[in-house]
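One chain, chain A, links the two complexes that follow: it is found with chain B in the first and with chain C in the second.
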Partner chain A sequence: MLDKQKNNNWFWIALTALLISLPFIIESFYTYLLTTVGIYVVIVLGVNMLTGNTGQITMGQAGFYGLGAYTAALTALHFGVPLIPGIILGGLVGAGIGFLVGVLALRIVGAFLAIATLGFGFAVQSILMNVPLFMGRTGISISKPTIFGIQLQEIGYYYFVLAVVILFILLTVSILRSGVGRAFMAIKSSETAAQAMGVNLRLYKTMAFTLSAFYAGVAGGLMAYHTQYISAETFNFWLSTYFLVAAIVGGLGSVKGSVLGAGYIVLVPYFLADYQDFSFIFLGLVLILVVVLAPEGMAGLLKKLRVRATLLLGQNKKMTDSNVALQSKIGMSND
Partner chain B sequence: MSVRHFEANNVAIAFGGVQALEQVSIYIKRGEILGLIGPNGAGKTTFFNCLTRFLEPDSGEMFFEGADLMKKKTHDMASLGICRTFQNLNLCQNLNLQDNILLGSHSQIRNPLATMLSLAKARRRERELKKKTREVAKSFNLEELLDSDIDSMPFGSKKFAEFARAMIAEPRLLLLDEPAAGCNDEETSAVSDMIMKINKDFGTTILVVEHDMSLVMKVCDRIYVLDSGKLIAEGTPEEIQKNPRVIEAYLGDDFNAKNQ
Partner chain C sequence: MLFQLILSGLATGSLYALTALGIVLIFNNTRTINIAQGDFGMFGAFIALMALSSGLGFGGALVLSIVAVILIAVLMHLLVMRWIEDADWLILLTATLGVYYVLHGVSGWLWGRDTKSFPDPFPKEPIEFLGAMISKGHIFVMIIAFVIGGLLFAFLKYSKWGTAMRALKEDKYCASLMGIPIKTIIILTWAVGGIMAALSGFLLAPIIWVSPGMMDTVLVKGYAAAIFGGLYSMPGAVLGALFIGVAENIAGGYLGAEYKVSLAFVMIIIMLAIKPTGLFGGGKRREV
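Moving on to the complex of A and B:
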């Protein structure tokens, strides 16, 4: 258990160090792209907590994301609200609507919940398209983000998003390790058992919805400042699907999986952009392969790799019980 | 306070045209182990589900330590001091054993927001609960398995894990739904011993709904017999074994053959 913990910490420390130094090494465009990944990490963390941990599927996350983006953009445009309060407001608006959707969705489960949240996504987009306030396809342009009166340039914004991502990863880990996270996971596994242990299903399901919508709203606000232009066309059904695919391919129920999945869903379409439709075929094939062959996603594969590496390095004796169990699960012998 | 720790009066419920429970009245004395037995379809599980509020009876009333259970919801039971185990193990596969047992202490969460944010007080409570989890695991011989996945645990340990999850909340009434289901003779005997140990060590009042006669006769102080939704007998194990109505209606030849 301790070894496992140490390994995990090294993963996060190495990743953070790499991300802090990257802007000095890579071209500015890639810094922009990595900022996008960071924003996706925030939203996928929320999707994963709701779907991967609590077992409530969401196919309308682009709706909360859009609400957050428009809240930040409109408050900046009309009232000159700066970056930080803007994205907090975006998160709160997302959370408020998420709470209502969560309450309405209480009686719906499984595929029906997927359809209902899908409908929510469509409804939000059609409101953004048609209500004059949101300027529909024309979109809204906003100026560069400012913190305490200082305007952030591309690299500055990259670090700001990195800080927000780290904050949300810590928040997610804290939630999932607490009694609340246990209740979420119990709901996914067995609603009956969860109830018998005192988990108020209505309260906790609504909480999971509200939290994931808060994440999405904050991510939306971040994105509005990132692209400095938003239009209703962005917040479509495909975007919601992408978020869900990121959670599944990255690893359902895993924080590391959310990070990997967000990177996957931004970087793969970018690097395959020259091949047009092939990008979709690739994403689709990978999704099928993951669901069938590696249901624990990229995070699960990493875990297996680590066990194999540990074995190859001849540290068999140091293996903990959980590693032995894992090892037997993936069908490897000890000799 | 009366000796009646729990009482149910005239509980009735029908599913479509079938009267699953007809005016069932039982009481449980503080500190006793009470058995509720009956053949398949007698209404044992239905009664159990009414008590744990998974089902809403058509009529009747139920009280625990003076609290009106009809006004409570399923998730209120644990904080009232009523915990249960499941007939077909219902542990959470996506949590390891330690987290499964900790889940049993869910009703101690007062402020979900502080808990989520792991504020100092919540962290302290979590540490205390983990310590308590180890103690509880120890008394059920599970301490070696705390970090294990549920999948990798042997069947007997899973049974005890259900007990541990219920007991960490320190219930005053423990409800056991067919605790010997799926057990071989050896495991049944271990479960019986554990039930008596819990009753003796913690003074927990226990209701056992059970099929397995050897277990019920061994552990129960008093037994009710249900048949087709009606109570047909009440008494000590000796009285129940001798009761001609019970033998005829339920125990039959099978039981006599088994116990002689």
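Moving on to the complex of A and C:
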């Protein structure tokens, strides 16, 4: 167990070191793309906490994302609010609206929540399209982000997003390891059983929903500064489903899965951008295959691969089959 | 003005009802929130458009599109849904999302992403009805939708297969003990759901025209209607659909057409806040 923890830490440290050095190695365009991945990681972490850990679903996450983006953009435009307060405000607005929707929608079982959030996504987009304040299809342009009076260039912004991503990963891991996280998992495995054990369903479900909306709002703020232009058309139903797909294909209930899933959902459509229809077909087929054959997603496949490797090399004799089975049953969420 | 808005609202509402009926039927028998339900209709509309442009009449195009959609729905069950029948509803929903992606991509690839016009099978000229002007097409659509709805109810209520489908909804295990061929009935459920989708796609096509994304907002409204009735009740879904059709038309008439989708969401939320189990409450007992 301890060995595994150590292994995992090395994985994250190596990944961070790689990500810090990357902008010096790759072309600047790929730095831009990686920043996009980072922003998606933040929102997918939230979706995954809600769907993967708590067993609730959201099909309107683009709504919260859009609210965060517009909050950051409009406060910057009209009041000159700088980067960090801007994205925090974006997160808070997302969380506030998320709380309101959650309080109403969470009174009922999951299937209804899926539909309520689906409707929410459509409603937010139509409001962004049509209320003059949001400038609809015309969109809003904002200037480059400044932090303590210093203007950030592309690489600087990349590092800023990287720091935010690390912060959110640490936040997520510590939430999941706390009592709150255990309450989430209890709700996922059985709402009735969780309630019988004294878990306050409405409190924790609303909390999970609000938290994921906060993540989405922060990610929206980050994205507004990243693209320096937002328009209402971006925040559509497709985008909402993308976030869900990322959590599922990456690996439900796994932080590593969120990171992998975010990379997947940014890079596949990017590399298939000239063949949009095939990109949909590809994403759809992979999604179906994952759901039917590998419900634990990419993170689950990686774990299986590593277990095979360790068994084959015989390095870790404690890691027996039953041990592995047990671990996947408990759903170790901290890797 | 108001009466006129109500009348044409009932016409679109009756089309939402067809989508909602398919949704409720499939949800009742398979626990599946089918995101692809709208796109079944979209695919059918494209098939009908192809048939029409190759010289087939409206009747032939309709039959062809219904057959094609039945095929898609049953294939979706056999290739995907059958393997995860007992999984969590979240997994089922996700699988239908995958099918939605594939149908979207395939239709875009085969027929392009731009919106295509669809000839109106019904005469357009308006007639006067109790002081309001309504196009003949709207009246036809309404009558057809009600006939189809009536046929579905009669099928479920009086035919042997329909009764078996209702038994499945009550208790799957018990139904199997009664000698009901569960597997066949579930295939039948998908087929009937497909027929509903094809009909709503075909009848909506002249109004909203044909494109890969044509049914997206219809899907939301269909689900809003289904929630209105509690997701388990068919009469509730029909009432919900008619109500949404009328409400959005009135709101569209006075506030502007842009807010029609928001209204569906507001209705979902209001309904959930007042009566979470829907208009015809109760629903099913919760499983532990």
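In this section, the second predicted complex is superposed on the first by the 317 of 335 C-alpha atoms of A that agree within 3 Å, B and C clash if a C-alpha of one lies under 4 Å from a C-alpha of the other, contacts with A are read in each partner's own complex, and residues count from 1 in each chain.
By definition in this document, a contact is a pair of C-beta atoms (placed from the backbone, for glycine too) under 8 Å apart; a residue touches a chain by one contact, two chains touch by 3 or more.
For clarity, every value in this text was computed on a predicted model and none was experimentally measured.
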Partner chain(s) touched by A:F120 [first = chain B, second = chain C, both, neither]: second
First, second, both or neither for A:L104, with chain B first and chain C second: second
Which superposed partner A:G86 touches (first chain B, second chain C, both, neither): neither
Partner chain in contact with A:G66 - chain B first, chain C second, else both or neither: neither
Dominant toucher of chain A (residue count), chain B or chain C: C
Partner chain in contact with A:P23 - chain B first, chain C second, else both or neither: neither
Chain B versus chain C as contact partner of A:S174, first or second or both or neither: first
Chain B versus chain C as contact partner of A:A193, first or second or both or neither: both
Chain A positions touched by chain B in one structure and by chain C in the second: 190, 192-193
Residues of chain A defined as touching chain C within the complex: 51, 55, 57, 101, 104-105, 107-112, 114-116, 118-120, 122-123, 125-127, 129-130, 190, 192-193, 237, 241, 244-245, 248, 276-288, 291-292, 295
Touch list for chain A against partner chain B, complex: 1, 171, 174-175, 177-183, 185-186, 188-190, 192-201, 203, 207, 253, 320-322, 325, 328-329
Chain A contact footprint on chain B (complex, rising order): 52, 54, 73-79, 83-84, 86, 90-96, 99, 102-109, 112, 115-118, 122, 126, 147-149, 151-152, 165, 169
Residues on chain C engaged by chain A in the complex (per definition of touch): 27, 33, 80, 83-84, 87-91, 93-95, 97-106, 108-109, 113, 216-217, 220, 223-224, 226-227, 231, 256, 258-262, 264-266, 268-269, 272-273, 276-277, 286, 288
